[in-house]
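First chain written, first letter: the chains are A, B, C and D, and each begins at residue 1.
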């Protein structure tokens, strides 16, 4: 019988092959898709996330786990949809206009994906208008803005204004080296995360709330 | 490049003294015996646009006035000022050049009125990444970059630098996956090829105008790795190895004619000094305003210029942050120069304290230890081309860290030791031949579309 | 106090080592061989009131979390944290004590989880000046001050300090007029008398509770002088002499039972260490964030703790400013401690470089040179009471500066030399007897109503 | 005949006795009060001010000169009033609520006085209401606010608001270690001076303008 503990372990180890196998087996045996998701995949990612926060493992190990999860999800997703289970949420993440830094943004994207988010990567140097358009076309519930320069921070404020003016109702979170909670409050973002790991926690809070 | 080190004895590996001295600006001599402060700065939170341009100018005026006043007050013997353009200022070259002119004029006046010896380093922000995938050798952004370069001498720049980004399309991905092969590809293949093209262009301009071609930095690679390691995202051993991998790439600029001082944020500097004899600018505790690091003191051990990396023009309790940095750099340099005035034995003494105070505690500090730099440099230059050199850099750094952590000379965290093994295994799978690596990398689906091989002559 | 110096040989005047070691907090030992970083911080621009109190708490949480995390990362062997109350927090003692508790708890947890040895110094902001003229020994503000003192042990403070302001009513006026007699009156008469009263009170509390009475600072006098001199408002020689005049005043705290480390911003520290053997906290280039100074290195020469004075919790490019300072202090201390691990000869070597790098350039740096400190300290302690000691301090500082500028050992600007003569002339007119000086000062119309003699037992 | 150059020299030297004597003599000889003021006193203070800015002399020397000027002014003032000559202006200077630092404020006061201003010292820890009241009662054309703590800066903004709300039309200048031009702009002060010497220049500009 497919053991959800084995599936979680496969995720933790980043063992893509086993993760896919156990997922298939579980579904064949009639285990509920929701149970496979929660007790297997999400449980495994939860362990790796905790280890990462405790500085026991590094981001490459998190990414390997996330890739194993992604492969298993490809098997699981149709069944989840059938069963009417919704993904955690859709997020749109990008670096604001004038700013080319993408590693922070990319880390957040990878970690959100690893936590069950569907993520649209808006890229770098994204103008306020382009953000509005992508927000509309993607229907994202969550928008993440990144800026690494003091001189592109103001573009964050402009982007938030443009999104609000366009009636986009998604929650907006921001981050990047020069960003502070005070700045987030000032420009009326819904939240600020000092690093990629806390961005995931924040995203969860914002989407569940 | 000859296959011998320019500095091959530890007793000749000294701060303030480089085999090839750089003379520039208003009586500035770099590597001639004294360590020189290099001050860096950037704007506070603000938009750079037509409407704000007056305000931008005012900011730079305030910065340079404060910095020069403090330098005069503290009787700084020589000063290097670095102005790094922001993307908007490369993309509208006249903007970048206007600030360059402003700074040069103020420095001229200060030299005339107070005798402050100084030189201005213009660092061009590499905007070619605005295209994705980047066009490295043509197009609007390359044109903008050339535009500011072509105006730099007239605007009063004494030295030119750049933090070029060739290969960064692969570099980020390589870092977060701790993929040493992709890191070598990004730095030793793509980066090195772009540097050859780019620095050939820069030195050509410099030869025509007398501006000094100074150096390039693997900042976007090795410093990103350092920052990720500080955030516990990637193992410190990997960041240490990436630092060493960056050496052959940065050497390309020198082979193309760059004279130094190398860029402050190029912590690979000590390797460049040992191998090529150029004076180097370094930063460490002085740059804590810009990034936290595990190499605050060891980075100082063999420097010729000593920098703060960058700080916004914001008000501290005392003065604006650039003035605060100016003061701290001045005192750090005073200490080094007073010891140097006693002779080589004292330089070595202070150098070794700076080195010993950090190097046993972190692999990133350890690979900057002067003895280790010489050991690894020797192995790097035994190789023929940047790819082979980068591969050897990674291999020797990994070996040295394994060996010396076993001997208790450098502390490596328990959960990082296995990464050394994993990296070693990765290295064993890499081909000795560059063409083969290129082949492998071109086939990797995650890199497809990220970069344009033709832009690297591939 | 005995009339011999606790440190009377230059070879025993060392950083990190004090005749009387202070043990406090979580395994912290000050003056026992290692130099310890002392981190200071304050709020960014914000109002402290009921409405904002949550926000104030959050700020201090953010500060201490950042600082402790960095200290752990850099493996700081021991850490001193100073929390100086803002006026609102002395005036509502429960506020000051709440922050104290918050910091102590975080430091406790960090000690338990990561083994970071640390101690918390609570510095009480002296609010007695809110009355003009101030009531020094009674009234609401004195009550507030006592309120926070009385709660400090329970709130988790390991050491108590204060920057007391007795005599400041005259001090400012004395400074802007370069009035050496009034400066001596402010520091050596009013200040010393207030210190005797105040520190008797503090050490009484400390004896009951086990909190360490650490020290006081003549900050409002001698550092104000230093800042005015940096702004070219007053001659540097005058600021240098005021620094030395402040020594007998600060000694009063120790005679009343203060054990050190003396306050970081008390640059008179080296004198206190030589005379009384207490460990000292100092600041210099590390404190450029709080004030520019001409003593960035020499101030470090014989320190036991090394501090950043204060920085607001504002974001730099890397991290918040207190975290940036934490990193810089950690590296400065690493350097000193690595040299110290080689033995006394190396401590002396580094000490002398630190000293020599500043002391020839500015009279304020010169009077902090260890040899000069010993010479003048010897003369100060030959006198019997704070007034006579202050007079002797001024005389000997003036003499030494005249003598050694003639000999080329210290550079004094042309237009400052005449000030040395003028100060010398002023000193000649001062009475040997304290009562006579008091008489003179009481008669000066500009001081009338500025202070209440009875509050000083006059 | 009384020489205005001698008067200026007496001011420069801070020779109070000579300054008063020459002023009296000049008035007795029928020299116009305005000429005594401009060519003697103000000219002398002008020289000392320049030397101070050139770092040739220090503030004590400026203060001695200012005291000499003050004594001469006591002789001259009645004549100036008779002749209908107005003083440069009246200024009200104080340190804001919660802040006890006075040396900066006091330096500005001394230097303004030395430049012909009539100055009311509002003291330290001055509440917005007290500022309003003193502004009204003094009729000052210029108000100077000082703050040395980051935590008393907001009191500056409150004071300016209170003054404006009360209809006080005086120009307002601000200063103190943590103050910047940007902050001055933000709280809509009329000007910011980084040090005492430039405060005088600013005061002149504001009052003449």
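Criterion: a residue touches a chain if its C-beta (ideal position, glycine included) is under 8 Å from a C-beta of that chain, and two chains touch if they have at least 3 such contacts.
Note that this is a predicted model, so its numbers are computed, not measured.
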Centroid-based (C-alpha) most distant chain relative to chain D: A
Whole-Å gap between the CA centroids of chain A and chain B: 34
Chain B-chain C separation of Cα centroids, rounded to whole Å: 39
Centre-to-centre distance between chain D and chain B (centres being mean Cα positions), rounded to whole Å: 51
Junction residues of chain A, two or more chains touched: 150, 178
Residue list for chain B, restricted to those that touch at least two other chains: 42, 312, 317-318
Category of the chain touch graph - line, ring, star, complete, other: other
Pairwise chain contacts under the document criterion: A-B, A-C, B-C, B-D, C-D
For the chain A and chain B complex, residues of the former touching the latter: 55-60, 63, 98-100, 102-103, 106-107, 110, 123-125, 149-151, 153-155, 178, 183, 195-196
Chain D-facing residues of chain C, complex: 42-48, 86-88, 127, 129-130, 132, 172-173, 175-179, 224, 228, 231-235, 312, 415, 419
In the complex, chain A residues that touch chain C: 150, 177-178, 180
List of chain C residues in touch with chain A within their complex: 315, 317-318
Residues of chain C defined as touching chain B within the complex: 42, 70, 73-75, 230, 284-286, 288-294, 296-297, 310-312, 314, 316-319, 321, 323-325, 327-328, 330-332, 334-335, 337-339, 346, 349-350, 353-354, 356-358, 361
